[in-house]
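Scrolling down, you'll hit the structures one after another.
Both complexes below contain chain A, partnered by chain B and then by chain C.
For the complex of A and B:
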């Protein structure tokens, strides 16, 4: 409508192409467009209220000494970040989260690929075996953590300890009360829970590899090992990237399993970033500190996400 | 590929599956035994049908109440997520203006930013709105998952034949009619897939109820189990029985939707 008062000279600057046409305003089209844009209102609300506003607050609080009472908020610069990187409990959380992320990613990948290759072969009771391996992905990890806490209980009456005692008269072992064993236990349980799920992911990719490749390779005299390293593994590269991306972001966010299995203990040996954020933020009201940790955490996860996008683009270009 | 059935593979794999499945077997089997029988022969099958553990759990733990709470939250959150996600995907598909494209790219933030980053401000927001410790508050938090739904639905809509929508428009159907009568039925497959994954995510979620709920009578199932463990301490038959009972709904759900889960796993992971 306003276009009608513009001179031709003005229309050429700034006004998008097509808008400079004779000003015959199309009412039905405008009504349709605005009705259409109405459909974006709910998602925009969700985006602003549940994401942008709280995210901004997290970043803002990370530079203040906010404790929950907005009356006396002081700007403290980077001191929260400095504290996060020197506080022993937060450092412990950071350390174990990284160890957990790398440990589970490596071990699950190492288990899931061979598992998928075998599960792709024909054998008796294959579907049953597939279901058993996949099963831990179904229930809540929190409940599995509690169940494993009972199995690995360091008491003599814990399941594993009593089984080891009756079979070998060995133990009891402090599965969850020794720092190193507790860390290992958490990682092993996570591998138990995740390997089958990731194997299914690899299996889906394996099934899309044409059987001719293997036939030709067999005729050419390639051994099973050569076939695995020269056909299977290269063609699984996209799946490896996706699986590891999921493992990395999931690992950095881990909370349920260590929390229900060990409560982060003994001491801070299986403490996680998320537990740190919740404890210092929600329970202790140290908003500034918790926000600084959350901000660093956001960057770390974003970095992994961007790296994954970049890597998978490159791989797509190379493979296709 | 050689499609020969190898007996060695079978034996090894069944053995391995047994090793992976033994914790589960142990738990289910021992809920049907007395404590005395359990310590004597932990891995044997029960000699007779013993259901006292189950009876005791139903008498002492309000599992029915928490089951209902979980069901209400899951259904409500799921409906909201799918509605918000599908309306957004529809709008984006209908109009690829520059504004919409930029907005769509911004939404990727919802994909990247982990829930933990916004947890503390959201907690204060819910306290301010007096929604902390309510099931409604929980639904509000889960609504954030709509952005994830949007991306999966949007990818599906973009592959639909656009002529159907164009034909409806020429026939005089308005945007709301097109969305409700044409697009929603067309995207049902992706709604099912996304719905299954979100159902499992919400139903199994522990962190959100643990942070936002405090009253025992509002507990979700997972939270209820977590809180009861402290009370039972070493009463392990009770604890295991409760775990088995809580696992049942998810196992039933899995059996009913298995087909979709495996195909959706592939589609979802390829997308993200």
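For the complex of A and C:
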């Protein structure tokens, strides 16, 4: 280091000012920091008790023959993991879980953004319409599943089949009893249930976009389509990242909706990984095996979430 | 530093709390001599009068009641309580948890207890173990057969209830030709007709069918292919829509009660709902018609039994409670609340007349349900069987493939 680039904090001897002397401890700042950190204790406790402890126990049990009835377990090494990876029925739900996750993420995003744009405009009874679209997010998905079970009943007396018959003399269609239609039905109901909630998320972001951008674009002669693709969509990128992160993690863990609609059938066509974990653990008393599947699945979901965030952040940086 | 230590101490405490709950003491939830804890499968409305009568007759004992609805919630709650050492003195043992409870030695052997004298052998062996051990006091059974809408049958010119499967299929054809939907059953669980066919098969084989399958001297393929073939004629002959794989039992019952279908699979629990929805409907229940010259048979099983916790705090009171539960007065209260087909020999239940054709067989234990009769891996096989039956109904699997899938699944659990 040459003398010409010495910083003001350095002396002519080249030794930083204050070196060799311990910095003075600021008691008042430490007290303030401690007081602030104390507020984190309840959250940390909840996090530890409800997440870290069960997760640690799950990892431990995945190496044992735990049945759920006795803590007296035998160490079985990696045999549960071997069984999970070699027993086709354990991974029977993988295909539909992935299809559901990708299908709902794409469709909900495709529906929620235009819906949010429409709901952001001024029109008569706008708040009422907003609440109507938000409503499906309020009741439990399990209840919605039961109601949709009657709507999509594959018999001629089912609600949807009756409507199709009276309007077009068509059907009855086996909505929940044909493998392909059952998969589609579950995804469509999930989109119906989730689009409104995600539209509200986009709406919140839309309202933070300054109106000036649109005014300038209008003066410059940009069409509504150009404004959407060159102003709205890029500025919604942070919302798209959050929404898709929630959709991906929620979709991978899905259980209640397919279970109430189809119980995983016909065959294993709408079976999910979470259903496999719950069935193996709770119903069949194979907690060791279910824990191994859960551990692998947790790792896979974490990997997907991190990868998705990484890709999304890069896109976000490029766009904004 | 001090803060860090405090946080670390709190985190350790948080870690220790659930672990302590898991480790726990070896005792149960009961404590004093006069308190008996009881965790029930039935709701409070059902058990309250029974408990009140017991407390009246045993003034020194106070029953602390808790319950969880069947099946999954009850099973998981009981399992958590057993694991944490807080299970009640008396709880229900069911088909779904009997293997874990018995193998884990969590329940007391009731063999030779005087209160079992009233209980048929069938109900005792359902919750039995090796060397004649009996782990549950089961005081009721259920049987499922076919419920007939006699008005619709009469419209199609049918006057008698079929005794053979061929006659039943002929009746289905007749009803279909008359423009009536002949028959519906939900295929979201083990099939009732298939269970009955297998029950008749097992009875003809000296009740050794499942023993042979599970000791490896026979395979599912040896016994299941013909019953599966006969059952699947409902779809191969175009009599029933494959859409039934997407129907719940409630949806089937609604179709029946509204007069849209002439016959449905039903158990005693369906009768009150049908009566309420269609009070004037002429109905009759009958066993599933037989195949291959075998007699009509019923699907069914012993109801969950009452078991005594191996670590009960008050085993003497628990035994008194079980002894009370199969007395005629307790049976009368229980039967009134549930409408169940009780089986104790000194009490005759009052039942809906529509059930008359099945009551005798149910009480004598002439009923069969595969997932109860199987010796191990019951739920694993049941999940696989249900999925395979749905594929069979849709024409995506043959009877041989279904039976082979069960053989493969059984082999994977050994």
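Criterion: the second predicted complex is superposed on the first by the 231 of 320 C-alpha atoms of A that agree within 3 Å, B and C clash if a C-alpha of one lies under 4 Å from a C-alpha of the other, contacts with A are read in each partner's own complex, and residues count from 1 in each chain.
Heads up, the rule we're going with is that contacts are C-beta pairs under 8 Å (C-beta built on N, C-alpha and C of every residue); 3 or more make two chains touch, one makes a residue touch a chain.
Quantities reported herein were computed from a predicted structural model and do not represent experimental measurements.
Once the two complexes are overlaid on the shared chain, A:132 sits against chain B while remaining clear of chain C. In the superposition on chain A, A:174 makes contact with chain C only, not with chain B. In the superposed model, A:67 makes contact with chain C only, not with chain B. Within the superposed three-chain model, A:268 lies in touch with chain C and out of touch with chain B [touch as defined at top]. Of the two partner chains placed by superposition, only chain C is touched by A:279; chain B is not. By the touch criterion defined above, A:89 lies against chain C but remains apart from chain B after alignment on the C-alpha atoms of chain A.
Judged by the touch definition given at the top, the superposed model places A:147 against chain B, while chain C stays out of reach. Counted by residues of chain A touched, the larger count belongs to B, out of chain B and chain C.
Applying the stated contact rule after C-alpha superposition, one finds that A:204 touches chain B and leaves chain C untouched. Residues common to the contacts of chain A with chain B and with chain C across the two structures: 37-38, 44, 52-54, 57, 68, 149-150, 155, 157, 282. Across the complex, chain A is touched by residues 3, 7, 10-11, 14-15, 17-19, 22-23, 72, 75-76, 79-80, 82-83, 96-97, 99-101, 104, 106, 188, 241-248, 251, 255, 258, 260, 377, 379-380, 383-384, 386-388, 390-391, 393-394, 396, 409, 412 of chain C.
Residues of chain A touching chain C in their complex: 34, 37-38, 41, 44-45, 48-49, 52-54, 57, 67-71, 87, 89, 149-150, 152-155, 157, 172, 174-179, 182, 262-268, 271, 279, 282-286. Residues of chain B touching chain A in their complex: 1-7, 9-10, 13-14, 16-17, 20-21, 23-24, 26-27, 39, 42-43, 83-85, 87-88, 90-92, 94-95, 100, 103, 106-107, 109-125, 140-141, 143-144, 146-147, 150, 174-176, 179, 200, 203-207, 211, 222, 225-226, 229, 234, 236, 239-240, 243, 246-247, 250-251, 254, 262, 265-266, 269-270, 272. Of all the residues in chain A, the ones that touch chain B in their complex are 32-33, 35-40, 42-44, 46-47, 50-55, 57-58, 61, 68, 118-119, 121-126, 128-129, 132-133, 135-136, 138-143, 146-151, 155, 157, 159, 162-163, 192, 196-197, 200-201, 204, 211, 214-215, 218, 242-243, 245-246, 249, 252-253, 255-256, 260, 273-274, 277-278, 281-282, 287, 290-291, 294-295, 297-298, 301-302, 305.
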